[in-house]
Amino acid sequence: MSEIPISYFLVLSAILFGLGVLAFVFKRNIITIFMAIELMLNAVNLAFVAFDRAHGAAHDGWVFVFFVIVVAATEAAVGLAIAITVVHNRQSLNIERVNLLKF
Amino acid sequence: MTLPLILFFVFAGLAVLGALLMIFLREPIHSALALILVMVALAALYLLLGAEFIAAVQIIVYAGAVMVLFVFVIMLLNAGEEERTNLSKLAHYVGWPLGIFLTVELVYWMSRATIGARVTTPTIAPGDPTRDLSMLLFKSYLFPFEITSILILIALLGALVLAKRDS
Amino acid sequence: MPIILNNLWIIPLLPLAGAAVNGLLGKQWPQSRVNAVGISSVSLTFLAVIELAREFLALPADQIPWVRSYAPWMVAGNFRADFNFQVDQLTLVMLGVVAGVGLLIHIYSTGYMAHEGGYYRFFSYLNLFMFFMLTLVMAGNLVLMFVGWEGVGLCSYLLIGFWFLRKSAADAGKKAFIVTRIGDVGFTIGILLVFWTFGSVNFSEIFKQASGMPIESVSQIGTLTTICLLLFAGAIGKSAQLPLYVWLPDAMEGPTPVSALIHAATMVTAGVYMVARMHILYSHAPLAMLVVAIVGAVTAFYSATIGLVQTDIKKVLAYSTVSQLGYMFLGCGVGAYAAGIFHLMTHAFFKGLLFLAAGSVIHAMGGEQDMRNMGGLRKKIPITYWTMFAATLAIAGVPLFSGFFSKEAILDAAKDGPYANLYLWTLGILGALLTAFYMFRLLFLTFFGEQRYDEHKVHVHESPKNMTVPLILLAILAVGGGWFAAPTMLGGPNHFENFLRPVFETGAPAAASALAENAGGPETGGNALLKSLAAPGVIVALIGFLTAWWFYIRRPDLPKKLAQIMHGLYELVLNKYYVDEVYLALIVRPLLWLSTNVFWHAVDERVIDGAVNGVGRGARELGGELRQVQSGNARSYATWVVIGAVGVTVLVLGVWGMVR
Amino acid sequence: MEFVAQHPVLVVSLVKIVVLLLLLMTALAYLTWFERKVVARIQARIGPLYVGAHGLLQPLADGVKFLFKEDVTPPASDRFVYVLAPFLALSLAMATIALIPFGPATIMILGVPTHLAIADVSLGLLFLFAITSMGVYGVALAGWSSNSKYPLLGGLRSSAQMVSYEVSLTLSVVGVVLLSGTLNFNELITNQSGYWYHIIPHWNVIPQLIGFFCYFIAAIAETNRVPFDLPEAETELVAGFHTEYSSFKFAMFFMAEYANMITVSCLAAILFFGGWLSPFPDRWTWQLYLPGAGLVLGAIWLAYDTAMKQRGIARIQLAVVTALALILGVACLIPAVMPIVQGPFWFLLKVLCFLFFYVWTRGTLPRFRYDQLMDFGWKFLLPVSLANLVVTAFVVTVRNR
């Protein structure tokens, strides 16, 4: 049977994470910024699963993935609710236009 | 070039493509679709790593629930194209290069990780991994598990309050 | 089955409970209920002590001292102090004195304080004092003892300042507290040194080790000597010896029962008790013992002289207390611990009685304390008179009265004890002379001669039962108390000393032998009696009595003449040798100046406040600069996050990776 | 070529996929016919009649019609998504069929042990839910992309509805999972073999009756069928999310809906009614003849019908059908084939019953109002299924003690 080095997965997760960071900095739309965060979380999950696989028997890695997913879900729920409120108050999804809280 | 390797590259490519699309598409819903693509690809990769349960959960929760929520909200707010304002000089001049630098750095170190030498055969993990996982969750990780349930409850309430106030 | 022995904590906790109940709930209660609580708690304690005595006497010798630990208190490294109580003969004597006299004075107070405000407060404090005193006496280690030590100090402060609306009272309280502190500094250091030396603060452990140590020579100041001197500093403060006696006379601002209980019978004797308790250390440090003896003797004489000319009835008693304490220390200093403790006991009886009687007089005179405005009260308040008369006889050392036996024991030890010292003995004798004089002076001024007060203003009346009864009981003790040890004088064995011997024998061979020799003299009863009747103490007592009689009954005009003749000396003594003024000038003023100008204006305001405010100002300015970063644009924040992430990763992965 | 030789799995799966796909397509087509007929009967009509005998060729006609209609894409629409949506819907709906086992895990076909399912996944149920949960996108995106009021509302509604009913759907199934302690379809089914009192089949419906009801109601809502078909409530939203769709894209949504129906019915059969297990005890050997016998009888009835009622071309068509039925029936009676067909026979029968039930409800019940729908979903169905789950969990725990 054929084999894949773990490092492939790790590199992939690194790339995805980096892209997530870029999106996080680059995007202006609140919702897409949330998506960027989700992307980063996913990258981390991939790394977790890969490590778990590398370590074999015990599946603690999966547990972490599980928790990350749960947290991500809650984060999305609350975040989107906030986004809705923001839009209702500011009539804009552009995060650069939501800048009252300063100095 | 063996079958699993091919599959890996296919799905990895899809994932990266999706991520890039998510960044460069201006329509929020397109970004959302791109992200869904990433997630599905990741699920497939999980299967390659023998994490069936995680793959399923990934699709159910992320693709099936979280992203649906995103799409739903986008539809609800009828979010149009995002405007590329550049009010933040910092983000404009520093953010980009640093982000790229971070990516490169991470890739470099990840590729050099000692654990990376291990190889994985894309078969199902021995035994009943799902059972093991549940054992872990409900035995050694019981407390965190309960905490997360409380977290979910709180998030639910918070979302409720936020949504209720402006309705 | 010993009840109290296994539950020693009962004894101190009873008064504490009383104090708590009265202090917390007593405010709205009628006096009767406050009395019920206060008196019952103390009398229960007294009963407990009696029961304890009964059980204790039944104990086999090898189980003494009886130590019980109830809970670990402080455990830090190898330092360990428990709530442990120790009972031996000495403790038992102290317990008896404290509980017994305490009970009587409680009863007395119900009458004396009946018309005072803050009634519940008074009794709460009194009970609290009992608690601390009992703790002090029963403590099984130095630290717990120190707790009691400080606790009684606190109660004394509270009670001296009981009429805190009167400035003099409040000041007196503060003075007592602060002056005592000075001594306590020494005491604290002493405790630390003890732990440093013996690695423990438990008496049993300390004594076991100390008795093994060599006896230090008089010339050198070794560890034990240092310890003893430091501890003695505490005793000086607490027991108002030279040079720290100044607080006691002022303490007379407090209610008379307080003076009786705290400043005559119990608290001030704590120092003596402590020295006796630590006697093993002392008997290994002759130099320290010498110091103790000298201080005691000098104080005894010195304050007696002051007592000669005082006109305030309580002040006289106060100075006499100081001098009597001096005797006790003298006793301890010359190795006659048993005698010292014995004097402590008898003194508790007669001096407590004297104060109570004086209180009764003051009560009768409606608050008047100046003896010059009294006189001829003999007929008006007979009970008070007779009891006070008995007490005077006792303190003056008239044979067969309690004071006689104890004081004689001390003077004998000073004359031909193991640490005998003729100078000290002389001082003691002179002190005895003066004592007799001023005591009879007090008696005559108060009860004899023509009445020098206004019949119509002051309505003199005998005190109520609950005051007179304690007087009578104490009088009986004051008269007969000496007979615990009487047979020495009459050539028999000295029960009191025999009783205490197991305590004082341990590790102090010299002293013990001396005691033994004192205990059963070879002489036959007859000439022993003669010897003791011919003892200088008796003679000087007689002289004192006669002179007093001559001056104040026969020729009442003499004193003024005398005062004019040796005017300077008179003024000097009347103003207590200007000691307070000296202290004020030498210590208090400079200290005040220092703290005001240096510590307050310079250090506190400039340095500390400056630093604090400076930090605050700096933070504010820095924040003012930094807040510009918070542009309100979330993307900038995101970028900051990324910067941070890059920093961390470079640091961790990069640097750490290179290192590996 | 040798790459394929290395992986025989691929070939087998490919064959299975093709076969199943064809079957499924026909099934979908004729499901429409079936529905129209039944509904017609319920409404005292006759239903399709003219295209072929008993309107048997109606589905084909519809298919052709869809193909040749003009394909309109609204100019304001978002092209990509607009096109993507129906594909997503249909493909996801049909993908689920890959997990459904039609027969026992190992049966011999031509001496080769074969599994009557495309894939036997150890977490089959979970993956099925994964795929169905994606199904929302078809509707939502369709509604959004066509960039017009009614579709948007329809899309919003249906996505909300699907998300909220998905919860109780999953919960109602968890009870069964708890009972049999596995997520694999085959194990789920084999765990249901056996009989109470040697006669009552050991199916999950009996302990999980409440669970079954919750499941079925939630399933109807999931598939946007009457009485939960608000997304395409023609009285208020014209045609809901696929208002703007025409021609074959519309057909795709149509097929997707029916495919979903089939999936859900299969799932119901597997989880609650013992999948491909026969309802009769094994000792009754005569039941082996039932498939063949049934088909043959059907053929005979058709033959009678052909001879008596039909005229002209219809007669020929029916004759063909009859012949087919007869051949199939006889084939099923061949001893070699007989064991193979048992599983599929019972399974399809059960599925058919559920489909009939679907049509029946559609013919019977009125439509909910939207708020009623949401209230029902959150305030009744969810609590009930939760309670069912809790009770089941309790019972299981006690039993395992």
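Order as written gives the chain letters A, B, C and D; numbering starts at 1 within each chain.
The working rule: contacts are C-beta pairs under 8 Å (C-beta built on N, C-alpha and C of every residue); 3 or more make two chains touch, one makes a residue touch a chain.
This structure is a prediction, so every number in the text was calculated from the model and none was measured.
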Which chain pair shares more contacting C-beta pairs: B-C, or A-C?
B-C
CA centroid of subunit C to CA centroid of subunit D, Å:
100
Taking each chain's mean CA coordinate, subunit B and subunit C are separated, in whole Å, by 79
Can you check how far apart subunit A and subunit C are, centre to centre, with Cα atoms defining each centre and the answer in Å?
75
Interchain centroid distance [CA atoms averaged], subunit A/subunit B, Å:
5
Touching at least two other chains at once: which residues of subunit D meet that condition?
none
Any chance you could list the residues of subunit B touching two or more other chains?
3, 53, 57, 65, 69, 74, 76, 87-88, 91, 95, 98-99, 102, 106, 109
Touching two or more other chains - residues of subunit C
631, 633, 635, 638-639, 642, 645
Listing every touching pair of chains gives A-B, A-C, B-C, B-D
In their complex, what parts of subunit C are in touch with subunit B?
631, 633, 635-636, 638-640, 642-643, 645-646, 649-650, 653-654, 657
Show me the residue ranges of subunit B that touch subunit D in the complex, using the header's touch definition.
3, 27, 29-30, 33, 36, 43, 52-53, 55-57, 59-60, 63-65, 68-69, 71-72, 74-76, 78, 124, 130
The answer for subunit D against subunit B in the complex is residues 6-7, 78, 80-81, 84, 121-123, 126-127, 129-131, 133-134, 136-137, 140-141, 143-144, 152, 155-156, 159-160, 163, 166, 183
Touching residues of subunit B toward subunit A in the complex: what are they?
2-5, 8, 12, 15-16, 19-20, 22-23, 28, 31-32, 35, 38-39, 42, 45-46, 48-51, 53-54, 57-58, 61-62, 65-66, 69-70, 73-74, 76-77, 79, 82-85, 87-88, 91, 95-96, 98-100, 102-104, 106-107, 109-111, 113, 115-123, 125, 129, 132-133, 136-137, 141, 144, 148, 151-152, 154-156, 158-159, 162-163, 165-166
Applying the document's contact rule, which stretches of subunit C touch subunit A when the two form their complex?
627-628, 630-635, 638-639, 641-642, 645
